[in-house]
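Next come two complexes, and both contain chain A; in the first it sits with chain B, in the second with chain C.
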Partner chain A sequence: MLLIQLIINGIQVGALYGLTAVGFSLIFGATKIFHFAHGASFAISAYVFYYLYAVLLVWWPIAILAACIVVVLFGVALDRYVYGPIQSTDGSFFTIFVGSFGVAVVIQNLIGTVFGRGFISVPSVLSRSVELLPGLYVAPTAGIAVVTAVVCFVALQLFLGRTNIGIALRALSESPALVRTFGLNPKAVSTCAFALGSLLVVPAAVLTSMTSGLNAAIGGRVMLISVAATIVGGVGSLRGAACAGLLLGVAENLALWRFDPQWSEAVTFLILFAFIVLRPSGFFGRVVTS
Partner chain B sequence: MIAYLVNLATLVCINAVLAVTLNFIMGYAGIFSLAHAVFFGIGAYVAAFIALRWTDSLLLQLPAAMLIAGVISAALALPALRVRGDYFVAASLGFQVLAATVFSEWKSVTGGIGGLVGIPPASIAGHAFTDPLQFLGLAGVTLALVVVLTTAIVHSSFGRSLKAIRDSESAALAFGKNVALIKTLSVFYSTAICAVAGVLYADYLSFINVESFTIDASTLFMAMVIVGGIGTVWGPIVGAVLLTLLPAALTYLPFLPRTEIGSVQQMIYGLAMVMLMIFKPDGLMGAKQREA
Partner chain C sequence: MWPLRKVAVLAFSMLVALAGRASAEDLRIGAIFPLSGANADYGDLYMGATELAVSHLNDTKALGGKLSIAYEDSQALPQQGVIAMNKLVNVEKVSYVLSAFTGVSKAISTTATRSRTVAVNGGGVGPDLAELGEYFWNVIPLADFEVRAMAPYLVQKRGLKRFVLVYVDDPLGQSIKRELESSLPSLGATLAEALSVPSNAQQFSGVAARVRDAKPDVVYIASFGAQQSQIIKQLRDNGVTQQLASYSGFAIPAIASLPEAKGALFTTQRIDWNSDDPVTRRFTREYQARTRRAPTAYAANYYNAVLLYGALASALQKAGLPITGENLLTKRREIGAFDLVGGRVTFEKDGTIRSAMQINEVAGEPAVLETVVAH
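Presenting the complex of A and B:
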């Protein structure tokens, strides 16, 4: 029974990891920017939601909407004012990584200073567990997480496949030069990628604030997981990132069966490490060793 | 006041050793490691372990720490041989997280979160470095040796092979360079010397715990290299001086609560990293290299 419980918890966590990782993967695929500050986006939206909903007691749809707006603005501003200038002078991986990483460091400490470094969580009836079978506890958030993840993923696939902006996004990942030839502005398309990718962290951020809680350092953790899921899933493959996110979530929880909770992060790393050494291209990706 | 300055100078020397060794793999080998604090920690824990159980002799602690750090560096060299750039950064980040967990959980050796207390001061041939001024001398001499040695390696044929691999791995391979061996050796060298800094740190403070060896420390070391100027001789040293003195300088700002100094410091260097990348990606000392 414990095993089933852990698998269910794993799927709940994994669905949210997958969603965050898909956002990261979308940005990386379209713009080739390794967006280390994606974890910061997650932390920002989670704390905006927490502050509005749990402190100011705003009605929850408005709180979520506000979190969406803030995180999209953050993503787009980063693209415009940090990555854009860096790319126009020196587009090497290293400068972009350092810039992105610097932003992540600043945001983490800003949140720590404003909201404190302790654990906080948003109280909600949705995270109260119900005993489904003897010894098996499931909270409504588990169902919500899975349903939201599936809905978001399907919606994203439809968007990328059917709409003009979606097709432009996929074109940008294939060839920025061709995007320009067709009269589209690659910068505008890249802004869309950042807006969409950042938006995808909101459901995960809101649900995480209700279930496992938040602290100032959560951005770093989310970043590690998104990066790991993107690499394990295969860079450029959204499906891969979603599956890998799920895998990491389940693996992390299954580890609790035998190990202390402190080691669950180590499991994520071991999977990432094994993939980097044995299969750097991930599940579905192409080999990128350059 | 003198004691305060001597303390700062000693920490600057130790941090400068770390920055110089990190710059060696970042600037010349193109291996952007976010796990440098791991090897700093290994050096410190090995030194503390030996000092608390067997001997305070530096001549025994140093080789042991260097050897163990060098062997564990295989965990870093392995992904470095397979992937580059962002992928490697991710791997090293994961390694750092794992190592921090080991440091805080392996209580019989590392003392867990509480750390190890009462590490005896180091000694060479029976002479104990109890006087802070003498210890500063020791740290300064170590720094000088590390800078000279690292510069010599960079200018040797090994260093040229290293830079060739950084700029184009396939070209270096085509010229018959043993890429895997050169990369592994450079990581070995960097981490072994990094462990030396760890030994000095443990012997100097006589107290260590996991907080000094977390991702925050790795970020700080990387910031030192970047702010100073990656791939330059003096850049990492300048970066180490600036970022070590920053928290000390911040304590003089009366309106800052003491508990927030750590955060403010991280915000400043995070912002410095972003601004430098936008306006001057070579770092503070980078321009001089360009003129030459």
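Presenting the complex of A and C:
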């Protein structure tokens, strides 16, 4: 029963990892910007939801909507006012990374100053597990996480495949020049990628605020998982990032079956290392030849 | 005109000299606390107490000049702690440093010994802290005392014999594991499972599954800061209903206000907050008024650490001796006993105070369940 329990836990955690990783992968794949502040987007949306829902007692759909609006504005503002100016002057990968890293640090400290640096969580009956079978406990949040991840991923695929802006996003990841040829503005499409990628962290952030709880430094862990899943899934592949997020979550939990919890985080890096050595293009990434 | 200018220069020189003399009499000590990061809650708690102690010492004018504290942020990380200690010793030139957290305290102890600077710990409880040399003092009973108080209580008074330990993999967690391994068999109890977690781990649903699988009577948690709250919440959310127990790390407001922590047991040194002793009474009353929080053992420890410095520095000034680490150590040995919050305390040979312990219950009525005399 322990094994089944760990698999279920892993699927729940993996679904949340997948959602976060897909957002990062979408932004990175389309714009080639290493958006380190993606973790900060996660933290912002989680704390906005916490403050509205748990402190001000706002109705939960309104709290989620507000979190969505704030995080989209944050992503768009970063693209316009931080990455845009850097790209128009220096534009190197490293400069953008440092800029993004700086923003993440500032946001972490701001959150710590406003909300405190301690642990907070959103009290909810949805995070309380019930015993389905003897020794098998599942919380409603597990089902919500999986369903939300599937719905978001399918919706994203439809959006990217069937709408003009979605197709433009895919084109941007291939060639910004091609986007321009078709009369589109790559900057506007890039802004769209940031809005959409940032929006995708909201479900994971809301569920995490209920299940694991929050602290001001939570963004760092989110970034770690997002980067690992993006590489394991194949850079630019949203399907790959989703599958890799799921794989990392399940592997992290399955490691507990035989090993000490001390080693479960190492499993993430072991998988990452294995992919870098044995399959550098990831799950679904394309092999690039020079 | 010339004599007037000479008089002005002379007057200015005298003013500068006097000002210099006044600042030379002011006293400064250092403090290395986690002021940012996941454990900053502790830093806030400690600072509330140290600032209160400084204001009390300055109000009484017991010292020649004004006392102040140079704070440095360790983030509860040993590496940051060493940087902070070097700055306090070499730049601020302090002779007395307040320290917190087992890992940080161990890391700064070598600099303390080498530079003959007194380092005083009021928050870390790893038993190794008693072995860090004569310049490292502990105004808090260490984890071995805490486990030796809690384990017999759980086994003999509560009939809980099967323990599972969830511990952070650092010197504190490892020392608590060692103490449980050595003390439980003699009590007729067992440590069924010891699960180590990295200090930055945040997901504990899988750990909860392992804990349930071990079928414990009691789960002992040896972590700190935001992580211990996450552990408690996720254990409770994931079907762990057994008694939770811990060490004095639970004596913080974040745990007191966490609904899932209700009923958890933890040890601290014995302090009667309603005591008639004037030091305890003043601390309790003014700490609550100043911070709007109930006093905790941690706050009392850091208040005591500053008060201890005041007593030693005052004694050295009266004897006409400079306030150096060496003289502070000599004076502490000479005086022997000190009136601090919680009553009169003495130091063991290893520089650690000896104290009775108490078993507390989170949100319990009464909050203190049992007093355990010092062995």
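One rule holds for everything that comes next: the second predicted complex is superposed on the first by the 280 of 290 C-alpha atoms of A that agree within 3 Å, B and C clash if a C-alpha of one lies under 4 Å from a C-alpha of the other, contacts with A are read in each partner's own complex, and residues count from 1 in each chain.
Throughout what follows, a contact is a pair of C-beta atoms (placed from the backbone, for glycine too) under 8 Å apart; a residue touches a chain by one contact, two chains touch by 3 or more.
Small disclaimer: the values here were computed from a predicted structure and weren't measured.
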Let's test your reading of the overlay: on chain A, do chain B and chain C clash or fit side by side?
clash
Can A:Leu270 be said to touch chain B (first), chain C (second), both, or neither?
first
Give one of first, second, both or neither to describe whether A:Ile86 is in contact with chain B, with chain C, with both, or with none.
first
Please indicate which partner A:Phe97 is in contact with in the superposed arrangement: first for chain B, second for chain C, both, or neither.
first
May I ask you to decide whether A:Val250 touches chain B, chain C, both, or neither, giving the answer as first, second, both or neither?
neither
Touching partner for A:Phe119 - first (chain B), second (chain C), both, neither:
second
Just to be sure I read the superposition right, which of the two partners does A:Phe34 touch: chain B = first, chain C = second, or both, or neither?
first
After superposition on the shared chain, which partner residues are touched by A:Ile231: those of chain B (first), chain C (second), both, or neither?
first
After superposition on the shared chain, which partner residues are touched by A:Val105: those of chain B (first), chain C (second), both, or neither?
first
A:Gln262 contacts which: chain B (first), chain C (second), both, neither?
both
List the residues of chain A that touch chain B in one complex and chain C in the other.
109, 112, 260, 262, 265
Can you list the chain C residues touching chain A in their complex?
36-41, 169, 195-198, 200-210, 212-213, 225-227, 229-230, 233-234, 237-239, 254, 258-259
Per the contact definition, I'd like the list of chain B residues that touch chain A in the complex.
32, 78-79, 82-87, 89-91, 93-95, 97-98, 101, 104-105, 215, 219, 222, 226, 230, 260, 263-264, 266-267, 269-274, 276-278, 281
Spell out the residues on chain A that touch chain C in their complex, using ranges where they run on.
1-2, 5-6, 9-10, 12-13, 109, 112, 116-119, 121, 123, 127-129, 131, 135, 137, 139, 211-213, 215-218, 221, 252-253, 256, 260-262, 264-265
Which residues, counting only chain A, touch chain B once they are in their complex?
34, 82, 85-86, 89-90, 92-99, 101-106, 108-110, 112-113, 220, 224, 227-228, 231, 260, 262-263, 265-266, 268-270, 272-273, 276-277, 280, 288-290
